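Both of the next two complexes hold chain A, though its partner changes from chain B to chain C.
Right, the complex of A and B next:
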């Protein structure tokens, strides 16, 4: 075997191993949940012993799931909007602003992405209590924005670096004031990145548990929080059914992101 | 046709912390003039341009357009047109929408916008290209769209920041011709930034040679070429044979005899000597026999290159002193070869004294 062939063999072996690991750790739990949701038993079992949709019907008949889903969607949407505004502003400050503090600001903005959520939760919990905001939508939205904003910051920063800042200068010389230059040039140029960041922010909020546990209340019960509570009290296959629906929703979001990320069809020159 | 604006820099300077990008600079551009800022990168020419466009806030001094101080005016209210090196066309808008942008910002009625866009497209010979996207156009066509966009609102002053820098050589020469034509048509004052001396010399009415954040010399291209004020200008604008002088003494009326570092004896016109003297390669005659000029030296051809219409020789005349000589093709009756013994010469009137 030549050295080149050896490398290729190793690469192929590596790819196979990666695929196996990916399947084992990422795909397997998803498959298990989906299969469990269609069980005809009264408790979570694997492998399935029969096929039934009764647990979907059970979930459908329980209004608590709808309330929680609606809460999660509202909180997710508000988080996305707030993250898009703050993330875009900080991305503009870092990529287009002065040079001295930008690296520190960038690190500071991204930090919550790497910080354990439990630490943010412990910090925010007493603060929200003090502000008498504990258990309100505002508390959950603010908490989620802390962890979701870095995603918008990242995608928008990449979009801003992807084009010549002369475009904005050009708009200014052509008679656009600062806001018009942003609206007519910056926004169209970063639109894709902003939308992707917004979807990411929504997704982060939609499946965030830790902060919701600390900051949400009975009236602001989110879907992951309700799932968590069910998991602790009654382990019925309803959980699997709801989890499967959440998975489906997440796949739709992922599809939207892929669609947005698709490079524009190049016009023939 | 627009009336060109006058432009005046009054001790404009720019420092970034401890770095001086622009030393206090004063100069005046006349209405309707095609004025080039010529210099190497980092010479301050783009900083100077930025102070007019409004992207660079001067550390001192002021910029006046038609006598009005615009130093503190925001860019969008200056009514100045600008053409960028990489065109800066909005990629998500069609050619027509790009040209309509400044008119939309000025809230002109739709019908007038359409009419003016069409006229602008005709002016840059891109009639019918309106619905295309910028990415579908060639570099030269994109630059013409940028030109139309910057001129469609008839600004009295147009700034051009290396507008031909991204084009290949042939297209660049074609566009130079087109820009000159454009300037004659619109009548606006044009301030043109470039590092290409040939480009500046062939297009501009006057040139400012920039170096180390200051204007070394301002004048018509032939003036600056024929009477460079210092060694940087002489070297930057074409080639120059430079002599470092040790001393000089009068030799006849209006004549100075000088001794160079290589102990060559030179005769020049003038009253007082300077640190340096230069002679342009095309002012030197070369041949196998003594040239009979006031400065005459024997030497040996060390190298020759044929360039379009002329031959460029290197002739060693003394240890450590090699002259560049450019002989036009018609003078090349006698063909010289490498290692030939030759005579070179030039008149005292062709010598220029320079400061460092």
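Right, the complex of A and C next:
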């Protein structure tokens, strides 16, 4: 009896320790960056020797960070909109179009997410040169849409599978044309999934480095690219300050997704 | 014998809602044909057509330079990362699968939150932690594991830790999903029939969790193959992976044919794994990303 209690106690202690270590491992880098951003020293010292906001002021005074952030937000928003349109079209075709080859469409749409971005990047670079788009916003937006579209496709597909297609058929029978049926029946039903997919697409674009390295130019510098360039040269805690602000922004986006998902049932697992 | 007969056939077939929807795929397919399929084809074509037609680039990769070594290193790192991820994720997932309520929600928030944090920023954080006089070295010296600060940055260890941190959610989510589907009555039945915990695990629990193991393993391995940011920042110069090699050949040496050939090899490996995986596991890959 006591031996059984002992093993059970040991097992519980062991699992508590494992979960603590795991949590510490996942959170460590984030905590380090936030602490670093408030250091009062020039070099990367840890733990910090004092509290200061000088690196935030330094970042504030450097217009390059603002320009890059604004570029990233614009590119992210355009990527989200384009991904939402193309992702919804492909999701409708695959879940509602009952032909054999729609399975291939699904594989094609998903594929960019599985492939290393570097391969897509070195293929898109000459294509963008041909289209005279290299270095423009459009080039980065199109490139990001290729890799962000699968996320909208999956969230919208899930939403479409969540209700009876007979609803749309009923609307059509009652005289609605294709667009009216979509606008008044489909769209309200998939709204949540579409919004979540759009935020995912924005987040992918906002964090994407590889395609931006090959497709963006000096005037379309994105935030990950600027961070990357800074990391290659001199590393000052300014990067930590910017990174902390980016993390905060990501947290807000994630909160929005959680809020949007709340009305739905617990995720099927 | 021109377009006319096909038009007649089309109008003769009854309209179905499904066919109307299927037509919507035309726009995204055209988009992907121009901006995804054609660029990939172009990479493949370039590897065999430039600088002159033939397999010159591939023989160069095979027999000279560091190319084969780097590709093998990439596979090795991907295998190590996948193994470490599985080792950490399996027990954590097993514990998470039994949670409910607030604990489950906190755990999900932690895992999904990790998925959302920028890879550039996380690699930067590891650079701070791993530097010569950083906190990890301080701890190693204080604990007596090392006599003096050791070099952690620019080693495979640093790259593996950084990559595991980024890829853990991709292992955890499919594992948790498949473990939650295990019927607890099966374990109860095994216990009643006298199986000891080890037997119960090996004979019941582990086989039932295999779909998650397959999905997570392939997902992590495929993703590892294309990693760039983490090995570049944490392995810097001393340690090279395929994506870094391609970027270097294209951006620094401007040797696009070689970059294309290496990319084609990487593409082939990824595609083979992707297709084989689809056949074996038949699990929706993207499920775990949601």
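Everything that follows uses one rule, which is that the second predicted complex is superposed on the first by the 240 of 269 C-alpha atoms of A that agree within 3 Å, B and C clash if a C-alpha of one lies under 4 Å from a C-alpha of the other, contacts with A are read in each partner's own complex, and residues count from 1 in each chain.
Just so we're on the same page, a contact is a pair of C-beta atoms (placed from the backbone, for glycine too) under 8 Å apart; a residue touches a chain by one contact, two chains touch by 3 or more.
For clarity, every value in this text was computed on a predicted model and none was experimentally measured.
Look at A:172: by the touch rule set out above, it reaches both chain B and chain C. Contacts of A:239 after superposition: chain C is touched, whereas chain B is not reached.
In the superposition on chain A, contact of A:117 is made with chain C only, not with chain B.
Which of chain B and chain C touches more residues of chain A: that partner is C.
When both complexes are overlaid on chain A, the residue A:24 reaches neither chain B nor chain C. Of the two partner chains, chain B is the only one that A:185 touches; chain C does not reach it.
Touch criterion not met for A:129: it reaches neither chain B nor chain C.
Of the two partner chains, chain B is the only one touched by A:164; chain C is not. Once the two complexes are laid over each other on the shared chain, residue contacts for A:6 go to neither chain B nor chain C.
In the superposition on chain A, the residues of chain A contacted by chain B and by chain C overlap at 169, 172, 178, 267, 269. Every residue of chain A that touches chain B in the complex is listed here, in rising order: 163-164, 166-167, 169-178, 180-181, 184-185, 188-189, 266-269. Against chain C, in their complex, chain A makes its touches with residues 15, 18-19, 22-23, 25-30, 32-33, 36, 44-47, 86-87, 89-90, 92-94, 96-99, 102, 105, 108-120, 122-127, 142-143, 145-146, 149-151, 154-155, 158, 165, 168-169, 172, 178, 203, 207, 209-210, 213-214, 224, 227-228, 231, 235, 239-240, 243, 246-247, 250-251, 253-254, 258, 267, 269.
Within the complex formed with chain A, the residues of chain B that make contact are 53-55, 74-76, 78-82, 84-86, 88, 90-92, 101-102, 105-106, 133, 135-137, 149-150, 153, 159. On the chain C side of its complex with chain A, the touching residues are 16-25, 27-29, 31-32, 34-43, 88, 91-92, 95, 109-114, 116-129, 131, 133-135, 165, 168, 176-177, 180-181, 222, 225-229, 233, 242-243, 246-247, 250-251, 256, 259-260, 263, 266-267, 270, 274, 285-287, 289-290.
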